[in-house]
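Alright, structures below, take your time with them.
Presented sequentially are two complexes of subunit A, the first with subunit B as partner and the second with subunit C.
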Partner chain A sequence: MPIAARTHPHYGGTLRVEIQGDAWSLNAARNSSLVRGLIFNGLTRIGADGSVQPALAVRWTSENNDHRWQFWLRPGVHFSDGTALTSSAVESSLTGSCGAACPWTAVHAVGSSVVFTTDSPMPNLPALLAGDDFLIVRAGSINSASGSVLGPFIGTGAFQSDGLSNAILTLVANDSCWEGRPFLDKIEIEGHKLIHDQWLDLSVGRADLVEVPAEELRHARQQHLAVVQSPPVELLALAVADAGTLANPNLRAAIALAVDRSALSNVIFQKQGEITASLLPSALTGYSFLFPAERDVNKARELRGGLTPPTLTLRAEGSATMQLAAQRIALNLREAGFNVQVAANGSRQHADLILPHETLSSSDPRAALESLLRAVGVATPAIDQTPAGLYKAEHDFLETHTLIPLLYLPRAYAIGARVRDLHLSADGVPLLAAASLEDAP
Partner chain B sequence: MKRMKRFWLVGMILGGLIGLAATAAPVPGTWDQPAASLADAIAEILGPGQARLTMRNLSTIPTDQIPAIRRLLEQDLKSHGVLASGAESANTIRVTLSENLRERLWVAEVIEGNETRVAMVHVAPGVARQAQAGSGLTLRKQTLFTTGDEVLAVLETPDALVVVEPEQIAINAHGAGGWQLLKKVGIGQTTPLARDPRGVILTSADGSSFEAYVAGSRCGGVSQPAGEWAVHCHENDDPWPILQSINAENSPALKAFYNAARNYFTGVVTPSLGVDLPPFYSAALFLRAGGATLLIGGIDGKVQIVSNGKLKSIAGTRDWGGDFAVLDSGCGAGTQIVASGSGEATADSLRAYDLPGQEAIPASAPLAMDGTVTALWPPPDGKSLFAVVRGAAGRYEVNRVTASCD
Partner chain C sequence: MSLRQKLLLMLSLTVAAAVAAVAWTVLVRIRLVFEQRDREETALFVSQFQREFQQRSTDVAASVNRIAASERVRAMAFELVQSGDASPYLTEAQTLAQDAQLDFLEVVGPDGNVVSSAQWPARFGYPEPAAAATASTFLKQENLPDGSTALGIFAVRPIRGAEPAVNLVGGKRLDQGFLADLPVATGMQVSLYSDTGSTAPLDATQPVATPLIGSAPFDPKRLVSATGDVAGAARYQPLIDTARQSGQPASAILYLTARREDSVSATAIPLKSDNGAVLAVLIVSISRAGMVDAQQHIRAIAYGVAAGGILLAILCSLWIAAQVSRPIEQLARAAEEVASGNWETRVQARGRDEVGVLGRSFNHMTSELVSQRERLVQTERVAAWRELARRLAHELKNPLFPLQLTVENLVRSRELSPDEFNEVFRESTRTLGMEIANLKTIIGRFSDFSKMPRPQLERIDAKDAIERVRALYETAGTLAGQATSSDRHPAKIHFEIQLAAEPMPLDADPELLHRALSNLVLNAMDAMPDGGTLTIAAKTHRDKVEIRVADTGAGMTPEECERLFTPYYTTKEHGTGLGLAIVQSVIADHAGTISVESGAGSGATFVIALPLASETKS
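Now for the complex of A and B:
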């Protein structure tokens, strides 16, 4: 009996996704990219090779030494509700997305283009506009005060929201998407599912795409799950306050030297992380070895200079695994003579040390560095367009020891047998608009 | 204890754009320019004198090439008055051959006492292309054209390469460095194309005109004096000619209606074959002892032939992908079916098959392609095939695939 061959991708079917976070909250960092990237597009996007490519803008030019940028919009694009994409709509969306904290000074609609002006040169603006923060949302979908996205979510992307029911967010294909209708008819995203339950649902065919945290990658492989994994894109770092006791730069440098990254990688993250003392991973720069990541407790004690600072509070953001990582770091710091207490999970109390994880939003190294610095509230320095210039910017910031890079972690998902052509974006988000189902009708 | 300082070297020294695959054999002169650039930068920091040179390789440069790179660097340093000496020198030059996803990066840490300064040179890597030999019939590929734009179909005429893209027709002419873009003509669709769009282009026998079809549109092009082409496009829902050139007179044209909202042919063909065809992705007219027969690749994954007014399934097609075409190789039975593989983007391939009965028999080893095969069709003479490949980096490559008899 002949067996069916693999064909071009099929149209149709419903893909079921399960995640730990809130499927509905488009502003939740980890999940937002998944949903936002399906509903919205940016003016630009980052291609698989890391280059900036046209999206809602078809071309752009810079003038006045990168102080003025003009982006021309793709003609004939409509939002999923049928309204035309105009330069005014783009201006409203971009202004609403960042409010007073925009990286540019002003953005204006000019004919079928939008013009950005800045006080300082922005050579990386096209790459920056590909980021999740600057996706184009139709006016009325944004809370102008907070910049957060409200329902209904109206964008130009491959899918549109069909509402939330029984904790399941349903997205349906946008037939008039400028990139072409997606292969899938529908995506159902169920939030607040424990990893164990996600994997169980995958195994019995109730889910097609589930999460695999980095520390569970080995376990997933042992269970023979079909895993798609990104390069290391999530930076786990220790944010150190530069006020109070820690205003002393030697104490911050001592903390940086006291952390045992190898133990974090080996014990907590099951050797799935890439140890780093640089903000950008080696795959993007090739020079991360210039930032030594070895622990040196003796030198840390020496830098502390006999000072015994008051008890420091360390708070982790995220899962129970992050809480374990915080406990481990506290242990390291105590060995170097610091008194450290770990805040309870979910605590909002003041912390001297915070363990955040930031996503590498671009595979363009300059845009990625700018985005990381903005995420931690640091004004973006002018970055020279050379590897040496990039290294200098990174080096200068890390010398402040206000953010201590620890590990780069991959993002991973397990997929069911009927899913095909599922790839991850440069920042590890599943590209569901290009995926299809083998058994679609 | 005095803290060691690390400084950076202002300015980046751009190395030459060097094409070399990690697995390729050393090319004489390949590393000359980056070695010279790095030596310049080191000498600028250090000035004439002695220094201890250490070297490590964190890149994919084969280990056996490292001594040659070191020798080059030592020679270039010497020309600047910097002598790479033994361990007794107070100054150290620590060279690391590194790389990132896009390029190689050579880094020199110049250590003078407690002060370290850094110089960098970047070297762009090239791409290896290697045809895979097989047993029996061997398929080979030759890259005609690469582009960052999506390619649906290509036509090669004596003086032009006509490329059908989703929203435009690109005319390329011979230039010094290969095909050079002459002009682009917008197709002017008013509605978005479906994902995985398809296209067809056919030429007249003398190569002076072409017809191209994409979903909902048809374009006609006519060669003009001085290498110019007049191209006009208009909305059109006529069936696409799928099996022959536009003015072939000796065999009947077969045309198929294309579903413009999807990525397949509806199964309705003209003239009728007397049998209801299912929706299909690919079709090919295959010559066998009993005459010509139509082979179709259905959207359900079944490969079938039309024989005596009936559809019959073909076995042995489990490894076939969505595209196949007939190749007049002159080997064995004379013609073979060449099918894309069923692999993912990084592992697609082409393989020739004989079709003596109702089972496809492999006639060649798989020919590895550098990405996913997105289109496959024969030129008018049928003696080769064109294959469009979408690479991992999103670039498109047009290959000519030929066969040699072993």
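Now for the complex of A and C:
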């Protein structure tokens, strides 16, 4: 729900944000998108309309049937510590953050540009480079293995880190940001706050921006909170191991048929979710209905046959709602003859089933599909540019039943009365750089 | 065993038996009293627990009732029925349960399916059969998300104002916390055995595992008390199994360890569900340590009293036995003295009881014996003197008569011619000489007897002495050399010698022993004028050498046997009567004894017993 903006937003003020996760862990996790997007920029970014827009790169070209891409850097951009942004720095950052599952074969700096070469066509490279995984970070401050940021958080974004104190990460405005100085002087992000505490703080004015989980949207509205909500961009899926007990594809297919999506959507997520059996939402592809989402326990039992697999472990990370969803899925699977134990929250034991949620990073279906597949560790196949090709790629992957889409959920936040001009990006991240405060001096 | 020992034993046994009987009776009574007390305490506590359980059940029902009557819940039920949308109330049960401090709470819709569950939130939409329970409160095993089950007291209440009915199923856990809240007296322990955690294999038509009720094998880990695991849990198995199978309370005494102090009086109370199935067993254990300690204390006292009593009995019986047995022992010793020949023995005779009478009688008896012996000795002495005088007169008369005739013949022959007188004179002097020699012999024998020489002891073998006697008399074979026999007819006498193989050494005078044996052999030969068998046997018997001289003659009467060894007593027509007296004197000088065994017509056997030589005694 867009907020009515004043004609003249004011500069200054401190925006207080509270979240459930870690504020300072800048690996590519859900809540860290908020902070990463404030400190770092990518070569490209996704606009509010979902299209790919220039960021640190002003333009790009592809050659050789999208096997070679060249991105020209924006001139005059500096890191927050004053260091100039160079193509070498970009090459170094992308090489460091790419890790083992690098979508391109090579990247190298060429003058004021960066050239990517790939063995297979990458028509969606610009959209890909807008993702959190490929934000440009000053060299030396990224853990190349995990992609987590080490040391001082040096980027080219609208804000820079001012340190962590009492579990509050403070970001101060980057006066020399290439995008222009943000309206806010400071953003304070406090992590590990329960939803109930966040809402309480919001109601008494101790917080300006708090989270609203999808299952609490109805409740939030009942409490008359000012809520900003994205379209369903967060995919809740069930990842199924394809080794060990579940190496048998029939068992995986049985699991896919046993899950009751309706109960998850209607009850657990309070009708805020969109039932899906496809990786991409219907809004992007239009063919989502071709993937049946109905539950069929009898068929599931048939596929299981006489096999009695050993107890499977299902792990869900995150909120109590995710644990509840896991419990429900475990119950569903028991009906089909699977014995499933839900691992305790925070457990690191090996799991046969995992409940991950991935965010749709692009409005481009192909880019979104590529991003999703890469996020679950699947090598991206060559995706035909046609809808049929896209459908086939999605269908072929879903037939392996290693990832079973369940629901698409929106991302939502509640904002305080003094917050102005707050919008969400296409992937549901609050665009704080453009926000301002009502009572800023 | 002496009289004193017998008295001591009898008295001690009597007292010990009496004390043991009393102690056993007391112990049995104490045990019965304690057991009765235990039973009463157990029954009291069981009834107390049942009241407490009922109270908890009432509390649960009241809590559920309050929730069901609350405005919030009624509004929820109304909305639920109107809209049919249960999703807004997914977490309602958790909130309500937390507020009411219930461990379990479920909102069950009109269709019997769970709308919201506090203990298993993901179970919405699944049926809850407990909503149809008719009992006010009941026991139920509740399934939990982790696959385990928990036992609880439940109540079902409809939410007022909602049609069709929306029900609340609420409950509290029956677990260690519940046990900890129960009032428990000192020495009592309450534990709970339940089949929580035991589930049946998955049923394809029932996603919720069915708990195994009462059929799972006993697992000691499932017996818990307020403080945790129960020590010796495995010992409770028979009692628990009985309660589970029968569905009725059961009691038993259980020994948790080898020590009796660790035994408990246990009562198992089966806890049943609405349909009568046993879901758990409550064990009320009362320690018997106090009772065992008391019993042991009393037993120790009893043993102490018994031991003291026995000791006292021994001391008393020693004194009593001494009092009772001493005069009898004195009498016995005196009797032994008398038997050994000391007839002068006297005993102290005090009191007027039987023992005193016995003592005085004994003294009188010995006095009489002494005086009678003296009289007898005098009589025998007089008799022996008379006999000696008679024998002397008889023996001397015989040679004296011819002496007298010869002298008279000489006086008459003075008148004859000198030649005739010479002839008569020579004949008469010859007769005078013979008779005077005879007189000298007779007198010599008497003199020999009066001065028997003391034995000159040497180490000899009895066999040699016997062989010497045999050699002397066997080869003769006739009675011609017998000086005492005048007109005997020679007859054949067969000598039979029976000697033991082992040596029979003696410290004896060989000549005197030969003389004694010779006398016995001659007497035996004299006793068989018509021939017979003379047997000489010798053997060792304990510390003695026993020599037997037996004949097959006419034998002697008992009266003759009694007087046989009296000097000058003889059954022969001619004889000094000194032979056996000499034999007896010789044997007595060698510290031996001689006796005779005879009966009329069955011969006579003289038995000499001489002590073995000193080094060879056993």
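Keep this in mind: the second predicted complex is superposed on the first by the 430 of 441 C-alpha atoms of A that agree within 3 Å, B and C clash if a C-alpha of one lies under 4 Å from a C-alpha of the other, contacts with A are read in each partner's own complex, and residues count from 1 in each chain.
Throughout what follows, a contact is a pair of C-beta atoms (placed from the backbone, for glycine too) under 8 Å apart; a residue touches a chain by one contact, two chains touch by 3 or more.
The model shown is predicted, which means the values in this text are computed figures rather than measured ones.
When both complexes are overlaid on chain A, the residue A:V228 reaches neither subunit B nor subunit C. Applying the stated contact rule after C-alpha superposition, one finds that A:L164 touches neither subunit B nor subunit C. Greater residue coverage of subunit A by touch, when subunit B is weighed against subunit C, goes to B. Contacts of A:L431 after superposition: neither subunit B nor subunit C is touched.
In the superposition on chain A, A:Q270 makes contact with subunit C only, while subunit B stays out of contact range. Of the two partner chains, neither subunit B nor subunit C is touched by A:V58. Applying the stated contact rule after C-alpha superposition, one finds that A:Q327 touches subunit C and leaves subunit B untouched.
Once the two complexes are overlaid on the shared chain, A:R218 sits against subunit C while remaining clear of subunit B.
With both structures placed on the common chain, the touch criterion links A:Q341 to subunit C but leaves subunit B unconnected. Shared-chain residue A:V376: touches no atom of subunit B or subunit C. Residue overlap on subunit A between the subunit B contacts of one complex and the subunit C contacts of the other is empty. Against subunit C, in their complex, subunit A makes its touches with residues 218, 263, 266-268, 270-271, 301, 324-325, 327-328, 330-332, 334-337, 339, 341-342. Every residue of subunit B that touches subunit A in the complex is listed here, in rising order: 1, 6, 8-12, 58, 96, 98-105, 107, 109, 118-120, 122, 190-197, 261-264, 281, 297-303, 313-323, 342, 344-345, 392-395. Every residue of subunit A that touches subunit B in the complex is listed here, in rising order: 1-11, 47-50, 53, 76, 176-183, 282-287, 289-290, 302, 363, 365, 384, 386-389, 391-392, 395, 421, 423, 433-434. On the subunit C side of its complex with subunit A, the touching residues are 86-88, 90, 120-126, 145-147, 202, 204, 207-208.
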